[in-house]
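Here subunit A shows up in two complexes: once beside subunit B, once beside subunit C.
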Partner chain A sequence: MNFDFAFAATTLPTILGVIGTTISVALLSCAGASILGFSFEIARRAGSLPAYLMRFTIDFIRSTPVLAWLYFLYFVLPHWGFTLPALVVGILGLSIYFSGYLAEVFKAGIDAIPKGQAEAAKALGLNRIDVVSFVLAPQMLRNVAAPVGNHFVSILKATPYLAAIAVPEMLGSALDIASNTYRYAEPLTVVGIVFLVLALTIAQGVRLLERKLHGPTNR
Partner chain B sequence: MNSDGQPMRQTAPWPVEISQHHSAHPPDRTVAVEAAALNKWFGSFHALKDINLAVPQGSRIVICGPSGSGKSTLIRCANGLETFQGGTIRIGGAELTGDEKQLQKIRRTVGMVFQQFNLFPHLTVMANCTLALRRVLGKSRSEAVGIAVHYLERVRIPEQAHKYPAQLSGGQQQRVAIARALCMNPRIMLFDEPTSSLDPEMVKEVLDVMIDLAADGMTMLCVTHEMGFAREAADQVVFMDQGRIVETASPATFFAAPSQERTRLFLNKMLR
Partner chain C sequence: MTTVEIFVGIFEGFRVTATVTALGLLYAVPFALVFGVAQYLTKGMARLAITAVIEFWRSSAVIILLFVFYYVLPVIDIQLPAITVAAMVLGLNAGGYGSQAVRAGLQSLDRGQFEAAAALGLPRRHILALIELPQALTRMAPTFINQLIQLIKGTALVSLVTLTDMTFRAKEIAESEYNPVGVYTSLLLAYFVICYPVTVFGRWVEQRIGGRKGLTNEF
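Now for the complex of A and B:
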């Protein structure tokens, strides 16, 4: 079978037509995973029982396949009366799955702040809320920015799983073209290249961000 | 000043005598910090054993002793960074209760300088100095900046105001940390080994600032190994070992004729 470049070019507009869905799903999932992961990490610090429960939750999430989460949410939840649109299931599934990883990112980001920072802030008379919002949170955000960016790339690359529950994203649209035309090489190659370009661009952005955050002016 | 209506305290039971220091003003006899029968454990480790210490307003007290003797723990108790299990601490006459709101209020009057500087790395020097002025004392931005500039000039570093801590040398960072604490106009300054993590050539610039402060009558409780500073600026030197106060004396007596064998051994090692 010959690779038809002209045909490959004609698949590009269709595939790029849903790039917006792919990116929005990845962004929303990354936000969801961050909120969830951060909550896990904060809960983990609340005491020994919460710590144990959260450790279990995080390990459980990280030990189950993302596709299992998507199928569970999409096919099993309706039996219990919760029917969610495929797009919502996709964002929810990716958020849950990656929250396990982002919890670790937030753990590292918080642990990396020296103990003396909170002590110095308290010694100046700042109340708890101000200690967190003016001293600890900004440093945590700086510590997690680059790792969260890297996980964003992972989430982006996981969006093709959503083809399994018929969310109109890039891999799904490539597969649609393939089943209509019986030509697989061109649409799948194009979708691969689009992901490659996206991922490389974001990774470069993360690298620049990292350099800016940890440059000479900022420890 | 005794302007806050604190009654004069009877200080007789305390081992540290109220000293006559040499500034033009008569010594303020209010007690800035007072620890009584203070005991602290870290788990099963008895870190502070029956500590009795009074720091009269206007005095400079240096605490020295081998590492692990409890000296840092003691001054960290004085602003509630460490809890304790027995005895009492009074700051300006008010007993520390462990209540969060009370602690926050007391900490406004107690400045602290740390061994590791603990400047906020994400904030400029100016923002480090103005954060508590604005958030704790509710000063306006321009008022806070004015105060910060004043104290940055005092520690001889006004030109660095817009830099970040990482752009400064260790000595400069520690001077900023001193200015940051002074901005709150504290009634007492606690120093926890302020020169111990500095390169040798930067120790002097920090000690000079501290000696200036002492000369201006600032009440200081200072954990340090800088015996030269103790000699020059302290009213009293407190020697601690294994969680106890072993000896308290004026610098002259402490260095020339310490009464305890343990102190002599320590000084022999320090002053070699």
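Now for the complex of A and C:
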């Protein structure tokens, strides 16, 4: 059996056809993971007991594989009476898995803001909510933009795990072609190249963003 | 089956999980050292070629790499056991991340370290091996520990290429026994009891070397 380049080319349109699913899953999971991660981080700052609980939650999530989370949600949620589409389960799984990492990003982003910022704002008479939303949050966003971008690339690279719970993303469609034609090498090589190009492009974009936000003039 | 029996049943896959991790390290550690140092020392075309190899392993989705190598190698007449392919792919992926930590560690050293050693007349290879690498590797130790955790978690993937690791055992048990909560909670716990001590150890190392943070956005 040889590698059939002509056949490989014919699989490209089918695989690229679901690139939208892959990107939407990654975007929604990144949003979900950011919201969850930010909530963990805010909760962690609410006292010593919440701090302990949140640290344990984050450590637990970070100590368990994404595949185990996907299986857990996929098989346990229906048992508890929540029958969700596999796509939603997948987004939920990636959101939980990456929230543990994003919580650390937000932690670093908040810690990096000089203490004087909040103190000065308070001295000017801003209330707590205003201090957070107009002084801390905008500066935190600048600090976290690049790391969140890097995690977005990681999330994108984790989307093929969803093939394990039958979500029709790019790896899933490549495996479908493979099992229909009994030719595995070609569709898988194609999906590998597509993913590599996609990940490298987005990573390059994140690097440009990083340079724009933390260029010499902003340091 | 009680939950304890399920947990023990899942742990029957520990041997494979541990073997893939250990074999993976045999690929990851040399790759990270050689390519990290090479990227640090070279310039121009040579550096570009080295970066390309690193980026291939680092920027590809590891699950796709596993499928590609598992199915493409036989097509070009390379027959390897699944465990070898899995260890190589997971190891070189981890090694790709590791190489960036090695390079970043070397670059973060004070230039004076190199200059002082050169002024004392040490040859370049001795400067690297005796002055630069020991400091860089110590500095990056927390990052390497994080990557070890990623490698351990990554081995869950081998269940998809028919190796009976802990994740595969969980799926086997789930087929004979309808108890998704018990099975998949046990699966998460099984990884947790392995990775959590490593997390705690990593935090201890991080504190010992002066609270320096590992590169949290690289994993």
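Just so we're on the same page, the second predicted complex is superposed on the first by the 217 of 219 C-alpha atoms of A that agree within 3 Å, B and C clash if a C-alpha of one lies under 4 Å from a C-alpha of the other, contacts with A are read in each partner's own complex, and residues count from 1 in each chain.
Note that in this section a residue touches a chain if its C-beta (ideal position, glycine included) is under 8 Å from a C-beta of that chain, and two chains touch if they have at least 3 such contacts.
It should be emphasised that the depicted structure is a prediction, and the values quoted were computed from it without experimental measurement.
When the two structures are aligned on the shared chain, A:Q139 is found in touch with subunit B, with no touch to subunit C.
With both structures placed on the common chain, the touch criterion links A:L196 to subunit C but leaves subunit B unconnected.
Applying the stated contact rule after C-alpha superposition, one finds that A:K122 touches subunit B and leaves subunit C untouched. For subunit A, the partner touching the most residues, choosing from subunit B and subunit C, is C. By the touch criterion defined above, A:F3 reaches subunit C but does not reach subunit B. For subunit A in complex with subunit C, the residues that touch the partner chain are 1-3, 59-60, 62-69, 71-72, 75-76, 78-80, 101, 104-105, 108, 146-147, 150-151, 154, 156-161, 163-164, 171, 175, 178, 184-185, 188-189, 191-192, 195-196, 199-200, 203.
Within the complex, the subunit A residues that touch subunit B are 114, 116-117, 119-128, 130, 134-135, 138-139, 142, 216-219.
Interface residues of subunit B facing subunit A in the complex, by the touch rule stated above, are 79-81, 100, 103-105, 107-108, 110-112, 114, 116, 118-122, 131-132, 135-136, 163-167, 177, 180-181, 184. By the touch rule above, subunit C contacts subunit A in their complex via residues 55-56, 59-65, 67-68, 71-72, 74-76, 149, 153-157, 159-160, 167, 170-171, 174, 180-181, 183-185, 187-188, 191-192, 194-196, 199, 213, 216-219.
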